[in-house]
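Look for chain A in each of the two complexes below; its partner is chain B in the first and chain C in the second.
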Partner chain A sequence: MKKAVTLIFIGGLAAALLYTVALLPPMGDADNPTNRHIVPRYHERGEEEAGTGNLVAAVILNYRGYDTMVEVTIFSAALAGIFAVLGTVRKRINRSYIDRAGVRFSFISGTTVLLLMPLIIVFSAYTILYGTDLPGGGFQGGAAIGAGVMISSVAYGFHRAQRRLSHHVRIILESTAISAFFVVGTVGVIGGAAFLTYMLPALTPGSQSVLRTVMLLVLQFGIGIKVGIICTSILFALMMEEDTSDVEHAS
Partner chain B sequence: MLQTLNVVLLVLLIVTALTACLHRNLLVAVLMLSVFSLVMGLVWVMLRAPDLALAEVVAVGVVTTVFFVVTIFRTQRREG
Partner chain C sequence: MWSMLADNINYAVAMILFCIGFYTVIIRSNLIKKIIGLMIMQVSVFFFLVSVGYLDEGVAPIVIPGAAPSPMVNPLPQAMILTAIVIAVSTTALFLSLALKFYEHHGTVDMDRVKEEKR
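For the complex of A and B:
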């Protein structure tokens, strides 16, 4: 009975969803409502107004700058939630099951990580640096460097990774994004415009665009470092283990 | 040519998604989710959204997969 009701409900939901999808306007059509409202403005004046060749970066960092600023604080909230649930950081535990395992890390995985690491670092730096003009940006580059740190700490053990990236260093680096947004926003306010506007009207138009590029780079690097460190911190918090050696002795 | 590739990718998407949902081994399911996001990245490239493709492959394909794998190793299995 219960199963029949569930089946009918899910079937009805699927039918309704499929019917709605069939009613949607064709994908990528220039006459779609979403493409008529604000997208033409981005296409016509985005490059000149935002100073970026990559229109996605223009939307993320310039037109929707506030959105991104609040979004990066959500990462911090997620990290705080993970720390609160796992609660291992407070007790200063820095062991993990990888270090506890009797087998040393495999030579093959260690060498693979060693060979891949420089490529990952260069790729992520390139993605962040050219994120304003090419596909990519702070989030993608930061996640790439975070993934690199993650595979190396999985391959070489948590203890060695923890020594190189201690908790205090990570706490400082976790706040880079919001600091970058604060600095860039304040420069805009000093220039006489609203918060998070990339201008300083006292400058000549030529140096204005240079300043804007520098500010965008600061933002990209702030977001990148923050996302990478957040990924690493979540992994470290997941890998930490409570010290159960006493319990094992007792049993 | 592109049409064929698109169909192949979409079929792969459905297959990997169903495998991730239905497989009883959690590790296989997580790796299938990783494969799903790699294929999804290719689909994003074909839809001319390279930014989204990079984010999908790096964030979902690698970072989330590592989180899931670590969580699976840290939890115990109750059901065969």
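For the complex of A and C:
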């Protein structure tokens, strides 16, 4: 009964949505409103105005910088929610099912992770550094860092990963993105313009574009470290277990 | 109408994915499967918005100095979805932690079973 009613409802919804899709302008047409409204400005003047050839990074960091600045705090809000639901570090013990598993440590997976880790870190640094000219940026590089920490904590056990990257270190690193935005925005205010406008005090003629690239890199690195640490913190929070009676297994 | 649907095949697939995710959220009583349905809905919205920014024979929105000017796809949806994907990860983790707490409390992630026990 429930299934039939749901199927009718979903069928009606699908029909309405598909009818609307059929009325939309054809996809990929250059005359679409989505391709005519503001995009020509991005294409023509984006590099000159934002100081980066990567127009996606230009939109994220310059045209919609405020949006991104508030967006990075949403991760912190979600992490605070996870801690509120699961309990803080003090109430939970720093080990997980991986540490209690029968196979304590696999030599093959450990060596593989050891060989992969430098490559992952170099790749993420490359992605962040070249995000101003080539595909890449803080979000992508940060996700790569987070993935690296995830595979290492799965291979080596949660206890060792937690010791390397303790809660206090993560708290400091989580504030990098908003600190970077604050620093870059304040430099704009000192330069004589509004917050987060990438205006700089003109120290020497011609230094403006170089300094702007440096500021973009500061933001990219801040966002990258933040995203990586948030991924790590979420994983650690989900892996931690409540302090129950079987403490004798903990080593 | 059918020719228009064939032109907008990406939009149509996104809508169908959305309906599949919605159906999963309503029908399944397992909390993990409900979260999977929510993620399918999220991905369908991402897919739809990225498809809106597509341009026929457009290249990636990256200005390379010295390269011949060619039509580029819309960078705005890509930038929006880039941040939205990372937010989707953190909100999904929040859902999963709620499901974990539900399991610790009830010993199951099945909503129907909890309802039966209450009767």
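Definition applied: the second predicted complex is superposed on the first by the 235 of 251 C-alpha atoms of A that agree within 3 Å, B and C clash if a C-alpha of one lies under 4 Å from a C-alpha of the other, contacts with A are read in each partner's own complex, and residues count from 1 in each chain.
Following the convention adopted for this analysis, a residue touches a chain if its C-beta (ideal position, glycine included) is under 8 Å from a C-beta of that chain, and two chains touch if they have at least 3 such contacts.
Keep in mind that what you see is a predicted model, and the values were worked out from it rather than measured.
Colleague: For the three-chain model obtained by superposing on chain A, do chain B and chain C clash or fit?
Modeller: Fit.
Colleague: Just chain B (first), just chain C (second), both, or neither: which does A:222 touch?
Modeller: A:222 sits against neither chain B nor chain C.
Colleague: Once the shared chain is lined up, is A:85 touching chain B (first), chain C (second), both, or neither of them?
Modeller: Touch partner of A:85: chain C, not chain B.
Colleague: After lining up the shared chain so the two structures overlap, which partner does A:47 touch, if you call chain B first and chain C second: first, second, both or neither?
Modeller: second
Colleague: Is A:231 in contact with chain B, with chain C, with both, or with neither (first, second, both, neither)?
Modeller: both
Colleague: Tell me the contact category for A:185 with respect to chain B and chain C: first, second, both or neither.
Modeller: Touch partners of A:185: none, neither chain B nor chain C.
Colleague: More chain A residues touched by chain B or by chain C?
Modeller: C
Colleague: Please indicate which partner A:65 is in contact with in the superposed arrangement: first for chain B, second for chain C, both, or neither.
Modeller: neither
Colleague: Is A:154 contacted by the first partner chain B, the second partner chain C, both or neither?
Modeller: After superposing on A, A:154 lies in contact with chain B but is clear of chain C.
Colleague: Pick one for A:135: touches chain B only (first), chain C only (second), both, or neither.
Modeller: Touch partners of A:135: chain B and chain C.
Colleague: With the superposition applied, I'd like the minimum CA-CA separation between chain B and chain C in Å.
Modeller: In this superposition, no C-alpha atom of chain B lies closer than 5 Å to one of chain C.
Colleague: Under the contact definition given at the top, report the residues of chain A touching chain B in one complex and chain C in the other.
Modeller: Shared contact residues on chain A: 28, 54, 56, 135, 137, 139-140, 143, 231, 234, 238.
Colleague: Sort out for me which residues of chain B touch chain A in the complex.
Modeller: So the residues of chain B touching chain A come out as 47, 50-51, 53-55, 58-59, 62-63, 66-67, 70-71, 73-74.
Colleague: Enumerate the contact residues on chain A facing chain B in the complex.
Modeller: 28, 54, 56, 97, 127, 135-137, 139-140, 143-144, 146-147, 150-151, 154, 231, 234-235, 238-239, 241
Colleague: Applying the document's contact rule, which stretches of chain A touch chain C when the two form their complex?
Modeller: So the residues of chain A touching chain C come out as 2-3, 6-7, 10, 13-14, 17-19, 21-24, 26-30, 34-35, 38-39, 42-43, 46-47, 53-60, 64, 67-68, 71, 74-75, 78-79, 81-82, 85-86, 133-135, 137, 139-140, 142-143, 227, 230-231, 234, 237-238, 242.
Colleague: Which part of chain C faces chain A closely enough to touch in the complex?
Modeller: Those in contact with chain A are residues 1, 4-5, 7-12, 15-16, 18-19, 22-23, 26-27, 51-56, 58, 60-65, 71-72, 74-79, 82-83, 85-87, 89-91, 93-94, 96-98, 100-101, 104.
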